[in-house]
Amino acid sequence: MAELRSLADAVAGLVHDGDTVALEGFTHLIPHAAGHEIIRQRRTGLTLVRMTPDVVYDQLIGMGVADKLVFSWGGNPGVGSLHRFRDAVEHRWPRPLAIEEHSHAGMATRYAAAASGLPFGVLRGYVGTDLSAHTDTVVPITCPFTGEQLTAVKALDLDVAVIHAQQVDRAGNVAMWGITGVQKEAVLAAKRSLVTVEERVDRLDARAAVVLPSWVVSAVAVVPRGSHPSYAMGYTDRDNAFYQAWDSISRDRDTFLDWMDRHVLQTGDFAEHLRLLDVESRAAA
Amino acid sequence: MAELRSLADAVAGLVHDGDTVALEGFTHLIPHAAGHEIIRQRRTGLTLVRMTPDVVYDQLIGMGVADKLVFSWGGNPGVGSLHRFRDAVEHRWPRPLAIEEHSHAGMATRYAAAASGLPFGVLRGYVGTDLSAHTDTVVPITCPFTGEQLTAVKALDLDVAVIHAQQVDRAGNVAMWGITGVQKEAVLAAKRSLVTVEERVDRLDARAAVVLPSWVVSAVAVVPRGSHPSYAMGYTDRDNAFYQAWDSISRDRDTFLDWMDRHVLQTGDFAEHLRLLDVESRAAA
Amino acid sequence: MSAPVVAPAGLSADDVMTVAASRQLADGATCFVGIGLPSLAANLARRTHAPNLVLVYESGTIGAKPTVPPLSIGDGELAETADAVVSVPEIFAYWLQAGRIDVGFLGAAQIDRFGNINTTVIGPYDAPTVRLPGAGGAPEIASNSREVIVVLRQSTRTFVDKLDFITSVGHLDGHAARRRLGLRGRGPTVVITDLGVLRPEPETNELVLTAVHPGVDPAIAVAGTGWPLRVADDLQVSSPPTDDELRVLRQLQRGRS
Amino acid sequence: MSAPVVAPAGLSADDVMTVAASRQLADGATCFVGIGLPSLAANLARRTHAPNLVLVYESGTIGAKPTVPPLSIGDGELAETADAVVSVPEIFAYWLQAGRIDVGFLGAAQIDRFGNINTTVIGPYDAPTVRLPGAGGAPEIASNSREVIVVLRQSTRTFVDKLDFITSVGHLDGHAARRRLGLRGRGPTVVITDLGVLRPEPETNELVLTAVHPGVDPAIAVAGTGWPLRVADDLQVSSPPTDDELRVLRQLQRGRS
């Protein structure tokens, strides 16, 4: 049964140093608030997993939370590089970051296999690329019926999945709609799961394309605008300006550290973080 | 692009003697009208596929349309046996019926593999049962990462998938909601597909949980109540009395043949069939 | 609890079986409900002692809360009252196979002393006397649920020495055979019939009569079993249906007809 | 069509590239749209000569009809205007892998003479000079689409003799290597740059300059290529953007900023 908790409590209870953690989201519904709370609580040694690590992963990596990243595309969508991610890989700053990289199709297959309780999944992929040479989680497999050679990928089992959704109802069921990515699979691939939501409601929206029953979710925290600068369809819009601004905030180590200190470490929670951003953007206008 | 056709035209164009055909539906949205039209057009030598063959399959089998049945559960849900199916298997009437049977999980995995363009799928299943001894589409497979032994099933590729849905829009996109079973997978596993729908609309219902884009559907026919005695959530209710009545209609060969002659062969289309049923039920009341 | 030796008037053996089966379902458990008898018992449990029982049907409905017990496992009522409706491939892969189901709740046409189940054929496979519906979801419900509860009427026709076909695996030939085969669930932990309750003996996994329903002579259960049925030394008598159980059962039965 | 040798005033090389790329998309085709440049070109095609082009994004949006070209491949506009939105595992398995995509439309950081693509690293993998974003959807878009169109700016930095990393397979080392590896699509059939158009020679699969854009000296294209680029005997000059193409392109660019 999903327990309704504060985000700080939920992160403290569910995310431990050294865990394998995915904060999933495909442009839409990215759990930024939860990422900030992990930084605030100074977790270390995490193996971070995500198909599309973007700004919140840049923040986590730049703050030294992670020892390893498992991913398929790391960038600031529509803007450019993730400077903190690049700095970690290119210059081992603030600490070395081991990487294990895949294609999107491979990562999706790995999540789906784990969600299905299988130790591996099968796809048509990786053949001819240099990707499989750098990981032991991709090997050839032969179809027992046709003899055709395909590719097997290892199931991607998680300790913790963290996602943002639109709604939770009184019984603890969670609803998402719009682009829902691989979030259901991530939750079902994880031992524990944490969902931040925009709103608690009496009745889930009829458009809800994905409903996660309460009993597969460990904790729910109500965090309005909790995906900012990402968006929650029906609630908030994507803050494209923030993604663009992140490019210069993150380019320099000191600027980055200063920004993180003032906007994350020195703020008590995500609501305070958002108020600070609002004040700054009014001042700039 | 889905072509809007009459059901008779669509069946004539898409379903050929000897084809492997699935008329899918899981209690809900069973394409009875299309099944009748296949009988009316006297198709022969079909390999029929369905997870849950029920009354419409009893009719198809009893009318000698099929040489083979691939399935996982054949019965009249909540009522009992399918007498025509049993007569075919037990007494080869009206003709021998080869069978290939699976578990639901195996059939679902086979459909999903075919929909994914893979030659096989993997599951935890069949182990210890007598099912695998009777088919060459189930074999053991070893996980290349853990060494664990699992089960591989052959992809279930179809010539034609036939389903019933609630709506089609002007562009030919098809919408379903409620229990949608394995119908998306069946359509995507097939070379050709035929969808009957309750209604053509300007805009698909917001509840539509499954939308099949026009370009993966070969033909759409508007056939209101086309799933009777099954149901279409939001349009019609299940006619439980018909399922119960089918038990006695189908128990005796001559009664069955007479009923099929009057209600299917002698009716021009499904609308006429439904009018006849309505007249009969008013007379009985 | 002391139990009277005769069932209340108007109570059929099926009623007693259904009530006894419903009591096996713990509140808050996730239950994958097979077609037929299990569905009535599961709904009875949810309406009596187990309001938070999560009913999962192979039609893809998770957390269904039907007011009328469904005639089929795909009734509209299930989808309308469910917390979530997913596709059939998903219900088997993400939910059952992944090990999220506490209790698989199955009916059967035949069962043997190790709780193996036949729902495929009576007689030889290639020339059956009776062609049964087949496997449906049962094989993987039986192998992948944490435990399995079976409910069926007891007679020498149904409790047989040797199955004509193993459709769903119970304990195979016993003695931890499941573990040797790599099956993850514990298999059948209890079998409820119209005569009593059977449980597998820990060591051999052979079903033993551990309780009879009120008024049932254990000799009848032994006579209604196609193998030499062992009777537990401390044979119990199940407590009869309570007024409340009976009231809800009647409501459910009326709703269905 | 005869083409003028100079581009209209105010037209950038990127504009010409985008328009040329958009023209490669046939009306009614299904197009799996990669992140970046391809998305702008694909949306231009849909708003000009190919109104029935089906845009499929890896975010799971099928048949998206954005009025504003998306900044990311997961913008809300894509979901709101799509015919269907499916999960990410589904878009790759049921839609791309199953062979339902006519055209995979990709950008690249580096490309070699056989149309192989690098979007992973510049320099050694374990100590890269530049860490690029990585594979994303590209490897399977490249292997499973019926054909692949690549769009990228042409320079010795991007058109290299040897890739630092093969992220996505073009024609490998040519001579029908794809078929030998069991890849099902035809691979890259055309590469559009800011200088011109390259196509693989049928036999060797080596990219050959088959057209230059108006005003571009083929010698510039040769100089901007890290291998000895072959120029087709019947080198064409692409027709310049039409007024209509340009008008729609400007609308799209304004909408995005």
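Descriptive notes on the structure:
Should a chain be cited, it is by its letter among A, B, C and D, assigned in written order, with residues numbered from 1 in that chain.
Here is the rule we go by: a residue touches a chain if its C-beta (ideal position, glycine included) is under 8 Å from a C-beta of that chain, and two chains touch if they have at least 3 such contacts.
Just so it is clear, the structure is predicted and the values come from calculations on it, not from any experiment.
Considering the contact criterion stated above, the chains in touch with subunit B and with subunit C alike are A. Compared with subunit C, the chain whose C-alpha mean position is the greatest distance off is D.
Of the two chain pairs considered here, B-D and A-D, the higher C-beta contact count falls to A-D.
Averaging C-alpha coordinates per chain places the centre of subunit C 58 Å away from that of subunit D.
Separating the CA-averaged centres of subunit A and subunit C is a span of 42 Å. A separation of 29 Å divides the Cα centre of subunit A from that of subunit D.
Shared contact sites, meaning residues of subunit A that touch two or more other chains, fall at 112, 117-118, 123-124, 148, 184-185, 209.
For subunit C, residues touching at least two other chains, in rising order: 93, 97, 144.
Viewed as a contact network, the protein chains fit none of the simple shapes, being neither a path, a ring, a star nor fully connected.
Per the contact rule defined earlier, chains pair up in contact as A-B, A-C, A-D, B-C, B-D. Partner subunit C is touched in their complex by these residues of subunit A: 1, 112, 115-118, 171, 173, 184-185, 188, 211-216.
Remark: subunit C residues 28, 30, 54, 62-63, 83-84, 93-94, 97-100, 144 touch subunit A in the complex.
Contact residues of subunit D toward subunit A in the complex are 35, 58-61, 70-76, 78-80, 85, 87-89, 92-93, 96-97, 120, 125, 128-131, 133-140, 143-144, 165-169, 172, 177-178, 181-184. By the touch criterion given at the top, residues 26-28, 51-52, 71-75, 77-78, 81-82, 85-86, 89-90, 101-105, 108-109, 111-112, 123-131, 134, 148-149, 178-182, 184-185, 209-210, 231, 233, 237-238, 240, 243 of subunit A touch subunit D in their complex.
For subunit B in complex with subunit A, the touching residues are 117-124, 137, 139, 141, 143-146, 148, 150, 152, 154, 206-207, 209.
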